[in-house]
Amino acid sequence: MTTTMDRTASAGHSAKSPLIEKLNVFTAFGLGIILAVVFYVLAAKLIPEDTDAMLIHTKHDQIILLAMIGWFIGFMVGIGALIGPFRWLLGKDLSHDENMFYAGKDLGTKRYFRYTTDHKVVGIQYLVTTMIIFGVGGILAMLIRTNLGNPEGGWIHPQAYNAIVGIHGIIMIVGTIIMITGPFGNFVMPIMIGARDMAFPRLNALSFWLIVAAIPPILSSFFLGGIMTGWTAYEPLASESPAGMDGYIMFICIFAISTMVAGANITATVVRMRARGMTWNRTPIFIYGVVASVALALPAFPVFFLSQIMSAFDRAMGTTFYNPAGGGSGWLYENLFWLMGHPEVYVILLPAIGALMEMAPVFTRRPLFSFNVAVMGIAGICGLSALVWAHHMYMSGWAPLLNGPFMLTTELISIPTGMLFLVLVGTLWRGRLWLTVPMASIYALLWNFMIGGITGIYLSDVPADGALHGTMFVTAHFHYTLMGAGLTGAVASLSYWFPKMTGRMLDRRLSWVSFWMVQIGFNVAFIGMFLVGLAGQPRRVESYNAMFNRGNMVTTAGAYVIMTGMLILLFAVVDSWRNGIKASDNPWFAKTLEWSVPTPVPLENFATLPVVTTDAYGYGKAKS
Amino acid sequence: MSQETTHAHHEHPDVVGSRNRLGVILIIVADVAMALSILFVYFYLKGQNVNNMWLPTATEEVPATVPVSSMGAFYIAIISAFGMLLNGYALKGAKAKNQSQLTLGAMIAFAMSVIGLVYQIQQMNSAPFTMRMGAYASCYYLIAGLNALHLALTAFISLGNWNRARLGLYKTDHWHVAIIQVWWIWMTVSAALGAFALSFT
Amino acid sequence: MSQTQTQDKAPWWKRKDVKETATLWVILSVLIGGLAGEVIARSMGAPASETMENTIRMMKIFTWVSAPVAGLVGAIALKSLMQKRHYGDTPPAESDHEIANSPKASAVWIVTSGLLCLFALVFGMIVMQEDAKSLQAPNAIHVNVTGQQWLWNFDYPDNAGVRSHDLYLPVDRPVIFNVSAKDVKHSFWIVQMGVKVDANPGYITQTAVTPNKIGVFDVRCAELCGLLHAYMQSQVHVVSQADYDAWIKSQGGRA
Amino acid sequence: MNRRIVGAFATVVLGAGLIAGIGTYVSAAKADTTILDATPAGTLETPQGTLKHFTMDLSIYPDSFFKTSSPHPDWVSYGPSTNFRVPAHSAITFTMKQYDSGEPITNDFFARVAGTMNGTINIDGKDVTKVDANTIGHTFTVRGLSNGKSNLFINVPMPMVPEDKMSENEGEYINPTIVKFTIITGDAGEYVWNCEFPCGDGTLARFGGPMSSQGFMSGHFIVTDN
């Protein structure tokens, strides 16, 4: 049982272990690299050579995968993730002192580089990691756009271009999945529900360090021939690709475990650890967004995990799950992938919309309009999103008769999505708008998500999908939802919770400049992309017909504006974190619990646990 | 708005137990999703039979793939069921504060998991085909692999359980044993599901 | 406060802000529907089949149907933005009314969006059925399409032995494509005819279309298929029946 | 105030610089950057009149040991380069020395000659329009983007060298199949070519490895105006 509680009263068996104090990110990287090299060398020596009779050569993939598994084991041992389970096995549970060390009671900088269980430390770790991931993904995006500046491409050659497209895609998907549940779900959520920590603090640290362990494999794929398949890694193309694909497989497998662990942890925390009096009716809407998201990920990601395990077996063991020559099916992969893939976009969106719905009452100074409808919307999206996966496969020909039913479920999902729009505009209606970056972000979300949503209606329609599937139109559509709606929500969350997380205000002028540059650049870029998509430019092409040149130039120009805006935001974050104006405990005069604790938030959040008597949206109501 | 209630360090074992139980159930939900997808893989590939390669016929170099009986897989499920019953017996002992019953049950449950694991590995080694030989063979190893992984995990958990029982750590509260029982139940069900799938060839 | 009182007396639809919002709604809806519909129709270019004509018309109709929803959201958002703004480091006074929900508004919203959904679904189904007619046409010609990294080639089983790199089709006659692939997934897409189906190794998938315009159109691969995916393109030459017969003959087939 | 403007500006400059640096690195790290130019050889009478004539000599090796720094010395490869530059509206005569063995081709469409002058190729002195689909070594297949310009399509199948005739002499292959053909180029543009015979042994559909990597069995085919 790796989920053993650490704060239980199991005194008496606490042999002082200096080991846990020695392990940190450096020992983890050291041990990871050592084991990777050892595994690589041993595998290269011991595994028999491929014979000519084998249809699929497997040795190279076996070596690469084993080296990556070596890295993974070494890293997790080196960071100290296995100490807890083995101490449980030995019957020597962690003592109070050891748990306090894990929680980072010294409050020093070092705890950010250790297996620290304090949810606030994990939140900051996630925040920085997410920013690094977006940095890498953003650099790749700029390379893509620069290459597409002229129709003949050629600045980057096709192989590197495909690798860049694939890694940009998957790393951004992972970045957007963790961008809100990671930093804010961890830092803010437990305080918001009046808890002292997460339900399983050690699992919390585990979920973060798993992500760190997953990043080197995906980056290594640059040097192993790249990911030639785009982020979807469709089979059988993935089986044909060079060893870079193994990096993708490893990345996804580790990330899926991280998501599962985080999902169980966050859900258990919210279900079991809300403050006294915080009934479901008084639970802030952001909590609903986060829980819906991770609860949706919980059954979805294991399917993805399995699909990649099978890819790994096809590549390294010669199985034939996807290889048609041996009875495998590409449609099988598509089904498994999209069974995860469609819920996943709502995994990304729900926390972002939840966060903006949380901010709407604060910045309009009036109650959230129709809390029940908001909850129904979130629940409806959650439920339906598991039934719509095959709309990604209308054109795959796997089951033409099912196109009708999937068209039905897909179009139904616009009803709960519409409910969320109703809640947002209902809250804005006749409110007193306090114009801050989060407030403006709500407008940006309404605009972007409306475009993303309506273009989604075209795509959900089978005949229109016949013209649009696989074109830049689709790319623009999901950038509108994931970036225009999702990332906007994440940036708003950053500027909203920044004072609580760092004790300082995010620089107002710079964040406004960044907001406008990103939003304008974004709309210019992706409206240009809609146009070339409608005109028939396929996705993921390194070179295109000269007739699409103008639209692509517009998109590339917009992308440069986004880049400038994002870099300004990066500077604003770094600069404000160090030198920003000191923030008060509750700079937005909001009513959720996280603003009731002092900044910086003490180790156990609350000196005395709160009892909740009303919901958090009592603006204006107080007077009546 | 707020007042002193409980202090975190002295939570009641039942509170901690119920929270852990929920956590484990949620993780099992994820595992259920994976096990069900494996069944989906099995039946999908069987139904599609692409290029007639679900059970390939003999060629010059490779003999035909002959499916194995699902009885082996059912035996694994039966061994798991025994383990589950014995862990249940241990749980009863813990509830009745019967230390020897607890230790005995936990020990034999651990033994069952090891027996199951060894038997499963032996089955994989003695299968009359390799995993390269068509879709059925690939799926067979996938299901067997899931069982082996589950059993290895079970062995780890039940070893810890036995050790902790032996050390007398369950004298005050026994929610660990109860949660392990949840896992055993799922282990048994998933083994039975795999065996059920393998009975269609 | 006095404003609130006067507002409370008048029925809601006669209130000034409601009237302004309604005006804004109408203006925005027309703007969105007109502009977006026009942009879509222009961008998608001249259709070369009825399927594509249907698709463009349907997308225009969907645009007009969603325009009022987008317009309403836009109108309320804009109206709220126009009336009471507040800047600074401290919050404005709390709102002077306390509408925390409105079951009536929510119900109307949900029912309306449900109806729009239903409309989109039924409309889509009808068009889908119409497009599928070519698939059942008795006088259809068959073309076997093979995708291979990174080229298309076409076989004409009605004229055994005729094979080509560029597709040749007679105008106004239904064509059924039997699509497959040799290695990985590709997606067979005739851009101006609005039809597309994936080419899967190990399977044969079908799609059908009736070209209704003479000219040269594009075949592109719409599914990332590896190194030279971007270059996996061919042309469709839609010609008159006589020219088609002549072409078949020139390729060694019987016309 | 000042610090903020300078800082933000510096961040943007640094960020853009970083991206430019990485881009330049990636752009420079092409697997095969050399371009082989066609050699002038007077004029040639063609069905399209007298055109300027050029020649180009290529070889296909069963492994790429001949390259001084091949990342995969055991992969099949074209040589001496995989990027070719030829002038527009001219006749180009290719001489291919094919040293590799072969097998039946998976798609016999590519056993037929297309796009050459007179629709024929010359194999060891004989003019043919197609090659036995069971004994293909490799193909040379050029295609263009349908840009509304010339829609180039050339397919030249090259027969295999039978295993018993394949012989080596001090690391050099001898006994090639020699395939000669002439093409007439159209408008300028950047096209690509690749081999359509699946020769990536040990990969799915044998289209991975050298088939899916730049610089072995595919490359650019550049038609220039001058």
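We just call them A, B, C and D in the order they show up, numbering each chain from 1.
The rule is simple: a residue touches a chain if its C-beta (ideal position, glycine included) is under 8 Å from a C-beta of that chain, and two chains touch if they have at least 3 such contacts.
Each chain and its UniProt protein: A, B, C, D = Unannotated protein.
As the structure is a prediction and not an experimental result, all values here were calculated from the model.
Q: What chain pair shows the greatest number of contacts?
A: Highest contact count among chain pairs: A-C.
Q: Roughly how far is chain A from chain C, going centre to centre by Cα mean, in whole Å?
A: Using C-alpha averages as centres, the distance is 29 Å.
Q: Starting from the mean Cα coordinates of chain C and chain D, work out the distance between those two points in Å.
A: Roughly 38 Å, centre to centre.
Q: How many angstrom lie between the CA centroids of chain B and chain D, rounded to a whole number?
A: Centre separation, chain B to chain D: 54 Å.
Q: Taking the mean of the C-alpha atoms as each chain's centre, how many Å separate chain B from chain C?
A: 47
Q: Spell out, as numbers or ranges, the residues of chain B touching 2 or more other chains.
A: 50-51
Q: So which stretches of chain C touch two or more other chains?
A: 183-184, 201-203, 218, 226-228, 230-231
Q: Can you list the residues of chain D that touch 2 or more other chains?
A: Residue numbers touching two or more other chains: 145-146, 204-205, 207, 212-214.
Q: Write out all the pairs of touching chains, ordered by chain label.
A: A-B, A-C, A-D, B-C, C-D
Q: So in the complex, the part of chain C that touches chain B is made up of which residues?
A: On the chain C side, the touching residues are 202-203.
Q: Under the stated contact criterion, what part of chain D meets chain C in this complex?
A: For chain D paired with chain C, touching residues are 106-107, 109, 112, 114, 141, 143-146, 151, 153, 155, 191-192, 194, 196, 198, 204-205, 207, 211-214, 218.
Q: Mind pulling up the chain B residues that touch chain A in the complex?
A: Listed in rising order, the residues are 1-6, 8-11, 13, 15-16, 18-20, 22-24, 26-27, 29-34, 37-38, 40-41, 44-45, 48-54, 56, 61, 131-139, 141-142, 156-157, 159-161, 163-164, 166-167, 169, 176, 179-180, 183.
Q: Residue numbers of chain A touching chain C in their complex, please.
A: Listed in rising order, the residues are 153, 158-159, 162, 165, 228-230, 234, 236-237, 240-241, 324-325, 328-331, 362-373, 395-397, 403-404, 407-408, 411-412, 414-415, 418-419, 421-422, 425-426, 428-435, 443, 446, 450, 454, 457-458, 460-464, 466-467, 469-471, 530-531, 534-536, 538-545, 587-589, 617, 619-624.
Q: In their complex, what parts of chain A are in touch with chain D?
A: Checking each residue of chain A against chain D gives 50, 52, 54-57, 139, 142-143, 146, 152, 154-160, 164, 225, 228, 236, 239-242, 323, 325, 507, 509-510, 513, 543-547, 563-564, 567-568, 570-572, 575.
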